[in-house]
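Both of the next two complexes hold chain A, though its partner changes from chain B to chain C.
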Partner chain A sequence: MSNSHLFLKPGFIKVPLQNGVGRYVCQLQRVVLKFCKNHGSSRGMRDFIESDLVNFAMDNPAVVVYLKPRRHRSAVIKAEYLNGDQQWLGCKNFTKEEILKWLNLLVTQSQYHTGTRIRKLWHTDNPSIQGPWTPFTFRDPKLNLASFPNEELAKPQDSNETNHEALIELFKKQKLDDLEQRRAE
Partner chain B sequence: MSSLKRVQQWATFARIWHIYNAAWQNPFHSSELIKKYLMGMYKPIYHPMNDCGDHVIVINSKEIALPGDEWKKRVYFHHTGYPGGATWTLAWELHQKDPTMIMKKAVYNSMDGNLQRRYTMQRLHIFPDENVPKEFLGNVTNEIKQLRPMPKRLDCYPEKDVKEFPKVIDYPEDYVIR
Partner chain C sequence: MGTLLRQIIVNCNNLSRLSIQSNLLKNVNSALLPLAVNKRYSNAPTPYEVVDRKSEEKSNQEVINKVNQLVKDEKTLKLFAVVHVAGKQFKITDGDVIVIEGYWPPTVGDKILLEKVLLAGGSDFTFIGRPVVQKGLVRVEATVIEKTVSHTKTHFRKKRRKQYMRINFYRIPHTYLRINRICINGEVNNPPEVRGLETAIF
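Coming up: the complex of A and B.
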């Protein structure tokens, strides 16, 4: 994640599967084509307006198309979506075919996808089948009845028998052996 | 969010309380261990951006054991900000003034210096002895295992055990027992 991502709207991946079940609602509401009448960088935009714009508007009756001539500024497409997203697309030196392709993208996408920072590369409504982890899963049941602080629980896991304990064990064993010998006699 | 899912969320992100007995333990090795519990790094849900750290109570910080001659050699530096305001305090001096300070500084220094560090430190509760407030102890549900076994001093054994301890050698006749 770079610093330029910090100001993007964070979100999760989603598929607009519900759109089109009953009827399809075009998510693009309004598109403004801004261009200059003289400058060369708006040439493709002017060509598009002259030849293809009327067809585009007829094909997409749900989209409001505005034209906004501005002197000596480069060509721009601004799109507004049903969910409130606003997308700004610079079209300097674009050909009319390129502009048609970009407009097709804007009409078909459900929101301003490139304007969101995807928080995870995956998303699921059922994250876990066995249930999410809690601090109390996989816990040793003997902790339930323990009182704290507890010396037995605090002992290191790999603590070996000390020499002291080993000596006492040996002594006890010796005592028992002596007793058995005496009984045998 | 249904009420079941809400409770599930509470359960997953519940802060639990651990207790750690610092007696006879190296504070600098212990701090690496305590840090993991304080920041929640032992949890499968851990992520640096989610707030899943736990509380840790450290008891007996007065009884910590520094390795080698570190009581004499380790120096804590402080500067008041004024000219000539620098002070150097030896570890044993600092421990006399505040028996929790060495442990606290060890944990603080074991963590990266970011914005979360001070909030993480607020979840660490250090006590010089075993006197912990009851409302703190009531929360505890886990004991952190110590790094080293605690040795027991001779004067801590009952007198009967000392007397009945098996005789390993016979003292020579001219040996003087004081």
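Coming up: the complex of A and C.
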């Protein structure tokens, strides 16, 4: 069992500066498809290049696509992002659909994310508009003028009688009842 | 309570709930201060009270007018909203980034409107939806800026003394949304005659 998930670096979400404020900018700069012309493990990659690559390149004019054939080594996708991140993705024995899926993921990503666990699903520069809550919000402004020591404020907030007091009350009442009964007799 | 300290406007045609709320506040202030100000909740039923309909309506109208004036005056009004997106609620303002977990069809570069607004407000007023603020009143614009996957999560099951152990790894899709703008269109408590057709495609 791998323990790598236990030691992931926690972090907050990072977004390329102001992306999407005016317009959206694709963060993937170039992608290199490395493959072998003969080996079976590159077959999916070769199929992809033959059938889907042109469409992929047409759909993503912002991304530069390189092809790099090399003998007897497994297929690999290498992606480079605008922030300088490089992502290396082994594609041994992948089908062409799988390769398209991973390529689409790389296109929509903004950086090499693997290895950080995000702690919050929210980032803001203005955490509060109406002001954060303090113990003094929604309190009576009369408290500002109170002079201390103040008997009224020093009392416990729930002035209900305690169980102890209630028991004493009951006991007294019982006594009275007994007295009355005796008198009646 | 008469000042424009924090006015709660219930966004609806009949304003009965608003009157009840203001009455509650009055009662709390008069009866329970200063002893039970800190009381977090109460099990006591709401006391019945004879409400003068005319004066209530008048005070409600005053509040609504004030809010309308605020919205009209300040073009740079800083607004926030609580929106419900893909099963989670987010408190957002302009320029925020939120992450939506799980499968969600919009792709990068898409500009979308978040229409399920549960609450919206500025520094001096708040619209509280019941459960949703009147459609079309608050406009929340957002852009999808990134679609990625989370870190690898481990699903590990083991039963002791039963020779049973399973391990599974998975990553869930994440969609990053940039909130571009939150603004108020139209007037409070003055809904258009025909509603629900703002975003309909014929």
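Assume the second predicted complex is superposed on the first by the 98 of 185 C-alpha atoms of A that agree within 3 Å, B and C clash if a C-alpha of one lies under 4 Å from a C-alpha of the other, contacts with A are read in each partner's own complex, and residues count from 1 in each chain.
Methods note: a contact is a pair of C-beta atoms (placed from the backbone, for glycine too) under 8 Å apart; a residue touches a chain by one contact, two chains touch by 3 or more.
Not measured: the values here are computed from a predicted model.
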After the superposition on A, what does A:Gln181 contact: first (chain B), second (chain C), both or neither?
neither
Name the contact category of A:Leu143: first (chain B only), second (chain C only), both, or neither.
both
Classify the contacts of A:Gln157 with the two partner chains as first (chain B alone), second (chain C alone), both, or neither.
both
Let me test your reading of the model: by the given contact rule, A:Ile168 touches which partner, first (chain B), second (chain C), both or neither?
first
Considering only touches as defined above, state whether A:Trp133 meets chain B (first), chain C (second), both or neither.
first
Quick one: classify A:His113 as touching chain B (first), chain C (second), both or neither.
second
In this superposition, which partner touches a larger number of chain A residues, chain B or chain C?
C
Which positions of chain A sit in both the chain B and the chain C interface?
131, 143, 153, 155, 157, 159
For the complex, which residues does chain A have touching chain B?
131-136, 143, 146, 148-151, 153-157, 159, 162, 167-168, 170-171
Residues of chain A that touch chain C when the two form their complex:
1-2, 4-5, 8, 13, 15, 19-21, 24, 26-27, 105, 107-110, 113-118, 121-126, 129-131, 139-140, 142-143, 152-153, 155, 157-159
Chain B residues touching chain A - in the complex, by the definition given at the top:
8, 11-12, 14, 16, 19-21, 43-45, 54, 59, 130, 137, 140-150, 165-166, 168
For a test of understanding, state which residues of chain C touch chain A in their complex under the given definition.
6, 29, 33-39, 78-80, 88, 90-101, 107-109, 121-123, 126, 143-154, 156, 167, 174, 176, 178, 180
